[in-house]
(Lines give C-alpha, C1' and ligand atoms only; values in the text may rest on other atoms or scores of the structure.)
Protein backbone atom coordinates (compact mmCIF):
# COMPACT_ATOMS: atom_id res chain seq x y z
CA UNK A 1 0.00 0.00 0.00
CA UNK A 2 1.23 3.45 -0.89
CA UNK A 3 2.70 5.77 1.67
CA UNK A 4 1.04 9.15 1.11
CA UNK A 5 2.95 12.34 1.87
CA UNK A 6 0.97 15.59 1.82
CA UNK A 7 2.82 18.87 1.20
CA UNK A 8 1.06 22.22 1.49
CA UNK A 9 2.22 25.82 1.34
CA UNK A 10 1.51 29.23 -0.12
CA UNK A 11 2.40 30.41 -3.61
CA UNK A 12 6.14 30.14 -4.26
CA UNK A 13 6.69 28.68 -0.82
CA UNK A 14 8.88 25.94 -2.23
CA UNK A 15 6.26 23.24 -1.66
CA UNK A 16 6.68 21.64 -5.11
CA UNK A 17 10.45 21.78 -4.79
CA UNK A 18 10.31 20.06 -1.42
CA UNK A 19 7.95 17.33 -2.69
CA UNK A 20 10.14 16.83 -5.74
CA UNK A 21 13.28 16.54 -3.64
CA UNK A 22 11.58 13.95 -1.44
CA UNK A 23 10.43 11.97 -4.47
CA UNK A 24 13.92 12.07 -6.00
CA UNK A 25 15.32 10.37 -2.90
CA UNK A 26 13.70 7.20 -4.25
CA UNK A 27 15.71 5.13 -6.71
CA UNK A 28 14.17 4.21 -10.06
CA UNK A 29 11.62 5.89 -12.26
CA UNK A 30 9.43 8.72 -11.03
CA UNK A 31 6.02 9.86 -12.23
CA UNK A 32 5.05 13.52 -12.31
CA UNK A 33 1.29 14.08 -12.56
CA UNK A 34 0.52 17.65 -13.58
CA UNK A 35 -3.02 18.92 -13.07
CA UNK A 36 -2.30 22.26 -14.75
CA UNK A 37 -3.84 22.97 -18.11
CA UNK A 38 -1.59 25.13 -20.21
CA UNK A 39 -3.80 27.88 -21.58
CA UNK A 40 -1.62 30.95 -21.79
CA UNK A 41 1.99 32.07 -21.96
CA UNK A 42 2.20 32.71 -18.21
CA UNK A 43 1.27 29.11 -17.48
CA UNK A 44 3.42 27.65 -20.27
CA UNK A 45 6.46 29.40 -18.90
CA UNK A 46 5.72 28.11 -15.40
CA UNK A 47 5.33 24.52 -16.63
CA UNK A 48 8.55 24.68 -18.65
CA UNK A 49 10.50 26.08 -15.74
CA UNK A 50 9.29 23.27 -13.49
CA UNK A 51 10.06 20.64 -16.13
CA UNK A 52 13.64 21.84 -16.51
CA UNK A 53 14.14 21.66 -12.75
CA UNK A 54 13.38 17.92 -12.67
CA UNK A 55 15.90 15.17 -13.34
CA UNK A 56 15.79 12.71 -16.24
CA UNK A 57 14.12 9.90 -14.29
CA UNK A 58 10.82 11.73 -14.34
CA UNK A 59 8.04 10.66 -16.67
CA UNK A 60 5.23 13.08 -17.02
CA UNK A 61 1.45 12.74 -17.19
CA UNK A 62 -0.79 15.73 -17.78
CA UNK A 63 -4.32 15.18 -16.57
CA UNK A 64 -6.57 18.02 -15.38
CA UNK A 65 -9.54 15.96 -14.14
CA UNK A 66 -9.59 12.18 -14.00
CA UNK A 67 -6.55 11.53 -11.83
CA UNK A 68 -8.00 8.36 -10.31
CA UNK A 69 -8.68 6.95 -13.78
CA UNK A 70 -5.55 8.03 -15.59
CA UNK A 71 -2.77 7.30 -13.13
CA UNK A 72 -1.54 3.91 -14.41
CA UNK A 73 -1.91 0.74 -12.28
CA UNK A 74 1.17 0.13 -10.14
CA UNK A 75 2.18 3.71 -11.02
CA UNK A 76 3.53 2.43 -14.35
CA UNK A 77 6.43 0.84 -12.49
CA UNK A 78 7.53 4.12 -10.91
CA UNK A 79 8.81 4.14 -7.34
CA UNK A 80 7.40 7.53 -6.50
CA UNK A 81 4.64 9.66 -7.88
CA UNK A 82 4.18 13.39 -7.44
CA UNK A 83 0.74 14.97 -7.91
CA UNK A 84 1.07 18.73 -8.43
CA UNK A 85 -1.32 20.13 -7.42
CA UNK A 86 -4.66 19.50 -5.73
CA UNK A 87 -5.76 23.12 -5.90
CA UNK A 88 -5.60 23.30 -9.68
CA UNK A 89 -7.35 19.94 -9.87
CA UNK A 90 -10.15 21.40 -7.75
CA UNK A 91 -10.29 24.42 -10.00
CA UNK A 92 -10.57 22.19 -13.08
CA UNK A 93 -13.29 20.06 -11.47
CA UNK A 94 -15.34 23.10 -10.48
CA UNK A 95 -15.13 24.51 -13.99
CA UNK A 96 -16.73 21.32 -15.31
CA UNK A 97 -19.28 20.59 -12.65
CA UNK A 98 -20.18 24.13 -11.67
CA UNK A 99 -20.43 23.33 -7.98
CA UNK A 100 -18.67 21.51 -5.21
CA UNK A 101 -21.19 18.80 -4.43
CA UNK A 102 -19.13 15.89 -5.70
CA UNK A 103 -15.68 17.11 -4.78
CA UNK A 104 -15.51 15.06 -1.59
CA UNK A 105 -16.47 11.90 -3.48
CA UNK A 106 -13.95 12.61 -6.21
CA UNK A 107 -11.29 13.18 -3.58
CA UNK A 108 -12.12 9.90 -1.83
CA UNK A 109 -11.94 8.10 -5.16
CA UNK A 110 -8.50 9.60 -5.80
CA UNK A 111 -7.25 8.76 -2.30
CA UNK A 112 -8.42 5.15 -2.72
CA UNK A 113 -6.68 4.90 -6.11
CA UNK A 114 -3.44 6.35 -4.75
CA UNK A 115 -3.50 4.00 -1.77
CA UNK A 116 -3.46 0.98 -4.06
CA UNK A 117 -0.28 2.00 -5.84
CA UNK A 118 2.89 0.23 -4.84
CA UNK A 119 4.77 3.54 -4.78
CA UNK A 120 5.44 6.51 -2.54
CA UNK A 121 2.89 9.23 -3.26
CA UNK A 122 3.68 12.94 -2.83
CA UNK A 123 0.71 15.29 -3.07
CA UNK A 124 1.18 19.03 -3.35
CA UNK A 125 -1.52 21.49 -2.39
CA UNK A 126 -1.91 25.23 -1.89
CA UNK A 127 -2.74 27.22 1.19
CA UNK A 128 -5.29 29.78 -0.06
CA UNK A 129 -7.26 30.64 3.08
CA UNK A 130 -4.96 32.89 5.09
CA UNK A 131 -5.62 36.20 3.41
CA UNK A 132 -8.45 38.65 3.83
CA UNK A 133 -11.96 37.33 2.99
CA UNK A 134 -12.37 37.72 -0.80
CA UNK A 135 -15.14 40.10 -1.90
CA UNK A 136 -16.01 37.81 -4.76
CA UNK A 137 -18.51 35.06 -3.82
CA UNK A 138 -16.95 32.55 -6.19
CA UNK A 139 -13.51 33.12 -4.68
CA UNK A 140 -14.95 32.60 -1.17
CA UNK A 141 -16.56 29.37 -2.30
CA UNK A 142 -13.34 28.21 -3.94
CA UNK A 143 -11.20 28.84 -0.88
CA UNK A 144 -13.73 27.00 1.29
CA UNK A 145 -13.62 23.96 -0.96
CA UNK A 146 -9.82 24.13 -1.24
CA UNK A 147 -9.55 24.21 2.54
CA UNK A 148 -11.86 21.22 2.96
CA UNK A 149 -9.98 19.30 0.26
CA UNK A 150 -6.70 19.99 2.06
CA UNK A 151 -8.17 18.69 5.30
CA UNK A 152 -9.37 15.55 3.56
CA UNK A 153 -5.98 14.74 2.02
CA UNK A 154 -3.99 15.68 5.10
CA UNK A 155 -6.22 13.40 7.19
CA UNK A 156 -5.63 10.53 4.77
CA UNK A 157 -1.89 11.11 4.54
CA UNK A 158 0.74 9.17 6.47
CA UNK A 159 2.92 12.26 6.64
CA UNK A 160 2.06 15.96 6.23
CA UNK A 161 4.18 19.07 5.79
CA UNK A 162 3.73 22.79 5.38
CA UNK A 163 6.49 24.61 3.51
CA UNK A 164 7.26 28.21 4.47
CA UNK A 165 9.98 30.22 2.73
CA UNK A 166 11.32 26.99 1.29
CA UNK A 167 11.61 25.33 4.70
CA UNK A 168 9.46 22.30 5.59
CA UNK A 169 7.54 22.23 8.84
CA UNK A 170 6.11 18.88 9.87
CA UNK A 171 2.37 18.82 10.57
CA UNK A 172 2.01 15.06 11.04
CA UNK B 1 -9.14 30.68 36.95
CA UNK B 2 -9.88 29.67 33.41
CA UNK B 3 -7.30 27.99 31.21
CA UNK B 4 -7.39 29.82 27.88
CA UNK B 5 -6.59 27.95 24.68
CA UNK B 6 -6.15 30.02 21.52
CA UNK B 7 -6.70 28.38 18.13
CA UNK B 8 -5.94 30.20 14.89
CA UNK B 9 -5.93 29.20 11.25
CA UNK B 10 -7.01 30.19 7.76
CA UNK B 11 -10.46 29.76 6.27
CA UNK B 12 -11.55 26.10 6.34
CA UNK B 13 -8.32 25.11 8.02
CA UNK B 14 -10.20 22.99 10.53
CA UNK B 15 -9.57 25.44 13.40
CA UNK B 16 -13.16 25.37 14.71
CA UNK B 17 -13.26 21.60 14.44
CA UNK B 18 -10.05 21.30 16.41
CA UNK B 19 -11.26 23.69 19.13
CA UNK B 20 -14.57 21.85 19.30
CA UNK B 21 -12.87 18.46 19.61
CA UNK B 22 -10.70 19.82 22.43
CA UNK B 23 -13.74 21.24 24.22
CA UNK B 24 -15.63 17.97 23.86
CA UNK B 25 -12.87 16.16 25.73
CA UNK B 26 -14.28 17.81 28.85
CA UNK B 27 -17.12 16.02 30.63
CA UNK B 28 -20.32 17.92 31.34
CA UNK B 29 -22.09 20.76 29.61
CA UNK B 30 -20.38 22.89 26.98
CA UNK B 31 -21.11 26.46 25.91
CA UNK B 32 -20.77 27.56 22.31
CA UNK B 33 -20.54 31.33 21.88
CA UNK B 34 -21.18 32.34 18.29
CA UNK B 35 -20.17 35.83 17.22
CA UNK B 36 -21.62 35.43 13.74
CA UNK B 37 -24.72 37.37 12.83
CA UNK B 38 -26.87 35.45 10.41
CA UNK B 39 -27.76 37.89 7.65
CA UNK B 40 -27.94 35.86 4.48
CA UNK B 41 -28.44 32.35 3.21
CA UNK B 42 -24.71 31.72 2.85
CA UNK B 43 -24.17 32.45 6.55
CA UNK B 44 -27.30 30.58 7.67
CA UNK B 45 -26.14 27.47 5.90
CA UNK B 46 -22.70 27.75 7.50
CA UNK B 47 -24.16 28.16 11.00
CA UNK B 48 -26.52 25.20 10.53
CA UNK B 49 -23.75 22.98 9.28
CA UNK B 50 -21.61 23.80 12.30
CA UNK B 51 -24.54 23.26 14.69
CA UNK B 52 -25.22 19.80 13.29
CA UNK B 53 -21.58 18.85 13.74
CA UNK B 54 -21.71 19.49 17.51
CA UNK B 55 -22.87 16.95 20.09
CA UNK B 56 -25.92 17.31 22.33
CA UNK B 57 -24.04 18.65 25.35
CA UNK B 58 -23.57 21.99 23.66
CA UNK B 59 -25.65 24.97 24.69
CA UNK B 60 -25.48 27.89 22.36
CA UNK B 61 -25.24 31.65 22.84
CA UNK B 62 -25.34 34.06 19.93
CA UNK B 63 -23.78 37.40 20.71
CA UNK B 64 -22.13 39.59 18.10
CA UNK B 65 -20.74 42.33 20.37
CA UNK B 66 -20.90 42.24 24.14
CA UNK B 67 -19.15 38.94 24.82
CA UNK B 68 -17.75 40.10 28.19
CA UNK B 69 -21.23 41.12 29.33
CA UNK B 70 -23.28 38.25 27.97
CA UNK B 71 -21.21 35.18 28.77
CA UNK B 72 -22.90 34.00 31.99
CA UNK B 73 -21.01 34.02 35.31
CA UNK B 74 -19.28 30.70 35.98
CA UNK B 75 -19.98 29.92 32.29
CA UNK B 76 -23.52 28.91 33.26
CA UNK B 77 -22.15 25.76 34.85
CA UNK B 78 -20.44 24.60 31.67
CA UNK B 79 -17.06 22.93 31.86
CA UNK B 80 -15.79 24.33 28.62
CA UNK B 81 -16.66 27.31 26.50
CA UNK B 82 -15.86 27.85 22.85
CA UNK B 83 -15.82 31.37 21.40
CA UNK B 84 -16.05 31.23 17.60
CA UNK B 85 -14.67 33.55 16.38
CA UNK B 86 -12.66 36.64 17.29
CA UNK B 87 -12.41 37.87 13.71
CA UNK B 88 -16.17 38.15 13.24
CA UNK B 89 -16.42 39.78 16.64
CA UNK B 90 -13.89 42.38 15.48
CA UNK B 91 -15.86 42.90 12.30
CA UNK B 92 -19.05 43.45 14.30
CA UNK B 93 -17.33 45.89 16.66
CA UNK B 94 -15.87 47.91 13.80
CA UNK B 95 -19.23 48.15 12.11
CA UNK B 96 -20.62 49.81 15.25
CA UNK B 97 -17.73 51.98 16.29
CA UNK B 98 -16.35 52.86 12.87
CA UNK B 99 -12.74 52.65 13.97
CA UNK B 100 -10.33 50.52 15.91
CA UNK B 101 -9.49 52.83 18.79
CA UNK B 102 -11.25 50.88 21.48
CA UNK B 103 -10.66 47.37 20.20
CA UNK B 104 -7.71 46.77 22.49
CA UNK B 105 -9.73 47.84 25.54
CA UNK B 106 -12.67 45.68 24.51
CA UNK B 107 -10.32 42.75 24.05
CA UNK B 108 -8.76 43.27 27.47
CA UNK B 109 -12.23 43.40 29.00
CA UNK B 110 -13.11 40.12 27.31
CA UNK B 111 -9.87 38.43 28.35
CA UNK B 112 -10.45 39.51 31.97
CA UNK B 113 -14.02 38.18 31.89
CA UNK B 114 -12.93 34.85 30.41
CA UNK B 115 -10.14 34.46 32.97
CA UNK B 116 -12.67 34.60 35.81
CA UNK B 117 -14.71 31.69 34.51
CA UNK B 118 -14.22 28.37 36.21
CA UNK B 119 -14.09 26.62 32.83
CA UNK B 120 -11.73 25.81 30.03
CA UNK B 121 -11.92 28.49 27.37
CA UNK B 122 -11.27 27.80 23.69
CA UNK B 123 -10.98 30.85 21.45
CA UNK B 124 -11.01 30.55 17.69
CA UNK B 125 -9.55 33.20 15.43
CA UNK B 126 -8.70 33.66 11.77
CA UNK B 127 -5.40 34.19 10.06
CA UNK B 128 -6.13 36.95 7.52
CA UNK B 129 -2.72 38.58 7.00
CA UNK B 130 -0.80 36.14 4.80
CA UNK B 131 -2.13 37.10 1.40
CA UNK B 132 -1.17 39.95 -0.87
CA UNK B 133 -1.74 43.47 0.54
CA UNK B 134 -5.41 44.34 -0.12
CA UNK B 135 -5.97 47.31 -2.47
CA UNK B 136 -8.91 48.42 -0.35
CA UNK B 137 -7.91 50.70 2.55
CA UNK B 138 -10.65 49.34 4.82
CA UNK B 139 -9.50 45.77 4.20
CA UNK B 140 -5.91 46.77 5.06
CA UNK B 141 -7.11 48.39 8.26
CA UNK B 142 -9.18 45.34 9.15
CA UNK B 143 -6.36 42.89 8.66
CA UNK B 144 -4.07 45.09 10.76
CA UNK B 145 -6.56 45.12 13.61
CA UNK B 146 -7.26 41.40 13.26
CA UNK B 147 -3.54 40.69 13.47
CA UNK B 148 -3.12 42.83 16.58
CA UNK B 149 -6.15 41.21 18.19
CA UNK B 150 -4.69 37.77 17.49
CA UNK B 151 -1.40 38.80 19.11
CA UNK B 152 -3.27 40.08 22.16
CA UNK B 153 -5.24 36.88 22.70
CA UNK B 154 -2.33 34.58 21.90
CA UNK B 155 -0.19 36.47 24.45
CA UNK B 156 -2.91 36.06 27.09
CA UNK B 157 -3.51 32.39 26.32
CA UNK B 158 -2.06 29.50 28.29
CA UNK B 159 -1.87 27.41 25.13
CA UNK B 160 -1.88 28.45 21.46
CA UNK B 161 -2.28 26.50 18.24
CA UNK B 162 -2.34 27.13 14.52
CA UNK B 163 -4.35 24.68 12.44
CA UNK B 164 -3.21 23.92 8.88
CA UNK B 165 -5.06 21.49 6.61
CA UNK B 166 -6.90 20.21 9.68
CA UNK B 167 -3.70 19.47 11.58
CA UNK B 168 -2.83 21.41 14.75
CA UNK B 169 0.62 22.95 15.16
CA UNK B 170 1.50 24.12 18.64
CA UNK B 171 2.62 27.75 18.92
CA UNK B 172 2.81 27.91 22.71
CA UNK C 1 31.04 36.52 9.68
CA UNK C 2 27.51 37.63 10.45
CA UNK C 3 24.93 35.27 11.84
CA UNK C 4 21.79 35.81 9.75
CA UNK C 5 18.37 35.32 11.34
CA UNK C 6 15.37 35.31 9.00
CA UNK C 7 11.92 36.20 10.40
CA UNK C 8 8.78 35.87 8.30
CA UNK C 9 5.09 36.24 9.04
CA UNK C 10 1.84 37.75 7.81
CA UNK C 11 0.73 41.35 8.28
CA UNK C 12 0.61 42.29 11.96
CA UNK C 13 1.82 38.87 12.95
CA UNK C 14 4.36 40.37 15.32
CA UNK C 15 7.31 39.49 13.08
CA UNK C 16 9.02 42.90 13.41
CA UNK C 17 8.45 42.91 17.15
CA UNK C 18 10.02 39.48 17.47
CA UNK C 19 13.05 40.45 15.35
CA UNK C 20 13.43 43.66 17.34
CA UNK C 21 13.28 41.80 20.65
CA UNK C 22 15.94 39.37 19.43
CA UNK C 23 18.16 42.25 18.29
CA UNK C 24 17.74 44.05 21.61
CA UNK C 25 19.12 41.03 23.43
CA UNK C 26 22.51 42.13 22.09
CA UNK C 27 24.45 44.68 24.12
CA UNK C 28 25.67 47.87 22.46
CA UNK C 29 24.41 49.89 19.55
CA UNK C 30 21.79 48.58 17.14
CA UNK C 31 21.10 49.54 13.55
CA UNK C 32 17.58 49.67 12.17
CA UNK C 33 17.44 49.62 8.36
CA UNK C 34 14.04 50.70 7.10
CA UNK C 35 13.17 49.94 3.50
CA UNK C 36 9.84 51.77 3.68
CA UNK C 37 9.46 55.02 1.81
CA UNK C 38 7.15 57.37 3.62
CA UNK C 39 4.73 58.64 1.01
CA UNK C 40 1.43 59.13 2.78
CA UNK C 41 -0.05 59.65 6.21
CA UNK C 42 -0.90 55.96 6.65
CA UNK C 43 2.76 55.03 6.19
CA UNK C 44 4.09 57.94 8.27
CA UNK C 45 1.93 56.87 11.18
CA UNK C 46 3.16 53.29 10.88
CA UNK C 47 6.82 54.35 10.81
CA UNK C 48 6.37 56.65 13.82
CA UNK C 49 4.64 53.96 15.82
CA UNK C 50 7.47 51.52 15.14
CA UNK C 51 10.12 54.12 15.99
CA UNK C 52 8.54 54.85 19.36
CA UNK C 53 8.48 51.15 20.17
CA UNK C 54 12.28 50.86 19.86
CA UNK C 55 14.74 51.65 22.63
CA UNK C 56 17.34 54.44 22.58
CA UNK C 57 20.22 52.27 21.42
CA UNK C 58 18.79 52.10 17.92
CA UNK C 59 20.26 54.14 15.11
CA UNK C 60 18.20 54.35 12.03
CA UNK C 61 18.96 54.19 8.30
CA UNK C 62 16.28 54.69 5.70
CA UNK C 63 17.16 53.19 2.35
CA UNK C 64 14.56 51.90 -0.10
CA UNK C 65 16.88 50.36 -2.71
CA UNK C 66 20.63 50.07 -2.32
CA UNK C 67 20.84 48.15 0.94
CA UNK C 68 24.10 46.41 0.00
CA UNK C 69 25.71 49.75 -0.78
CA UNK C 70 24.37 51.86 2.06
CA UNK C 71 24.68 49.60 5.09
CA UNK C 72 27.95 50.87 6.59
CA UNK C 73 31.04 48.63 6.76
CA UNK C 74 31.22 46.71 10.04
CA UNK C 75 27.59 47.79 10.55
CA UNK C 76 28.87 51.17 11.78
CA UNK C 77 30.01 49.51 14.97
CA UNK C 78 26.58 48.15 15.81
CA UNK C 79 26.25 44.72 17.36
CA UNK C 80 23.01 43.88 15.65
CA UNK C 81 21.25 45.07 12.54
CA UNK C 82 17.59 44.73 11.71
CA UNK C 83 16.44 44.97 8.08
CA UNK C 84 12.68 45.64 7.93
CA UNK C 85 11.52 44.49 5.47
CA UNK C 86 12.45 42.51 2.37
CA UNK C 87 8.98 42.70 0.85
CA UNK C 88 8.96 46.50 0.70
CA UNK C 89 12.50 46.42 -0.65
CA UNK C 90 11.28 44.12 -3.44
CA UNK C 91 8.39 46.45 -4.11
CA UNK C 92 10.78 49.43 -4.36
CA UNK C 93 13.12 47.52 -6.69
CA UNK C 94 10.29 46.47 -8.99
CA UNK C 95 9.03 50.01 -9.21
CA UNK C 96 12.42 51.10 -10.55
CA UNK C 97 13.31 48.20 -12.77
CA UNK C 98 9.86 47.25 -13.98
CA UNK C 99 10.52 43.54 -13.85
CA UNK C 100 12.01 40.84 -11.68
CA UNK C 101 14.95 39.76 -13.80
CA UNK C 102 17.66 41.09 -11.53
CA UNK C 103 16.02 40.54 -8.17
CA UNK C 104 17.89 37.30 -7.52
CA UNK C 105 21.23 39.00 -8.26
CA UNK C 106 20.35 41.96 -6.06
CA UNK C 107 19.39 39.58 -3.28
CA UNK C 108 22.64 37.66 -3.59
CA UNK C 109 24.56 40.93 -3.46
CA UNK C 110 22.71 41.89 -0.29
CA UNK C 111 23.25 38.49 1.33
CA UNK C 112 26.98 38.69 0.56
CA UNK C 113 27.20 42.21 2.03
CA UNK C 114 25.32 41.17 5.19
CA UNK C 115 27.52 38.10 5.64
CA UNK C 116 30.62 40.28 5.84
CA UNK C 117 29.31 42.36 8.73
CA UNK C 118 30.67 41.58 12.15
CA UNK C 119 27.18 41.79 13.63
CA UNK C 120 24.08 39.72 14.12
CA UNK C 121 21.68 40.32 11.23
CA UNK C 122 17.90 40.08 11.61
CA UNK C 123 15.91 40.15 8.39
CA UNK C 124 12.15 40.60 8.39
CA UNK C 125 9.97 39.50 5.52
CA UNK C 126 6.28 39.09 4.75
CA UNK C 127 4.27 36.03 3.93
CA UNK C 128 2.07 37.14 0.99
CA UNK C 129 1.31 33.88 -0.80
CA UNK C 130 -1.29 32.15 1.38
CA UNK C 131 -4.43 33.90 0.21
CA UNK C 132 -6.54 33.32 -2.84
CA UNK C 133 -4.81 33.85 -6.23
CA UNK C 134 -4.98 37.60 -6.98
CA UNK C 135 -6.99 38.55 -10.07
CA UNK C 136 -4.47 41.25 -10.89
CA UNK C 137 -1.51 39.99 -12.98
CA UNK C 138 0.93 42.39 -11.33
CA UNK C 139 -0.10 41.19 -7.87
CA UNK C 140 0.42 37.57 -8.95
CA UNK C 141 3.86 38.44 -10.27
CA UNK C 142 4.72 40.30 -7.08
CA UNK C 143 3.72 37.46 -4.80
CA UNK C 144 5.72 35.01 -6.93
CA UNK C 145 8.83 37.16 -6.63
CA UNK C 146 8.25 37.76 -2.92
CA UNK C 147 7.96 34.02 -2.34
CA UNK C 148 11.18 33.32 -4.27
CA UNK C 149 12.99 36.08 -2.39
CA UNK C 150 11.85 34.59 0.91
CA UNK C 151 13.16 31.18 -0.14
CA UNK C 152 16.49 32.72 -1.09
CA UNK C 153 16.98 34.51 2.24
CA UNK C 154 15.69 31.63 4.33
CA UNK C 155 18.11 29.29 2.56
CA UNK C 156 21.00 31.65 3.28
CA UNK C 157 20.01 32.22 6.91
CA UNK C 158 21.55 30.46 9.88
CA UNK C 159 18.24 30.56 11.70
CA UNK C 160 14.69 31.02 10.38
CA UNK C 161 11.37 31.73 12.08
CA UNK C 162 7.75 32.23 11.17
CA UNK C 163 5.72 34.39 13.54
CA UNK C 164 2.01 33.63 13.97
CA UNK C 165 -0.22 35.66 16.29
CA UNK C 166 2.88 37.09 17.90
CA UNK C 167 4.37 33.67 18.63
CA UNK C 168 7.57 32.49 16.92
CA UNK C 169 7.72 29.08 15.28
CA UNK C 170 11.16 27.85 14.33
CA UNK C 171 11.60 26.84 10.69
CA UNK C 172 15.35 26.21 10.81
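Order as written gives the chain letters A, B and C; numbering starts at 1 within each chain.
The rule is short, and it goes like this: a contact is a pair of C-beta atoms (placed from the backbone, for glycine too) under 8 Å apart; a residue touches a chain by one contact, two chains touch by 3 or more.
If you're wondering where the values come from, they're calculated on a predicted model, not measured in any experiment.
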Same-residue or different-residue interface between subunit B and subunit C, half as cut-off: different
Fitting subunit A to subunit B on CA atoms, where both chains share a sequence, rotation angle to nearest 5 degrees: 120
Chain centre separation (subunit B, subunit C; CA means) in Å: 31
Multi-chain contact sites of subunit A, meaning residues that touch two or more partners: 10, 127-132, 143, 169
Subunit C partner contacts - residues on subunit A that touch it in the complex: 9-14, 42, 127-132, 134, 136, 139, 142-143, 164-167, 169
List of subunit A residues in touch with subunit B within their complex: 6, 8, 10, 125, 127-133, 137, 143-148, 150-151, 153-155, 160, 162, 169, 171-172
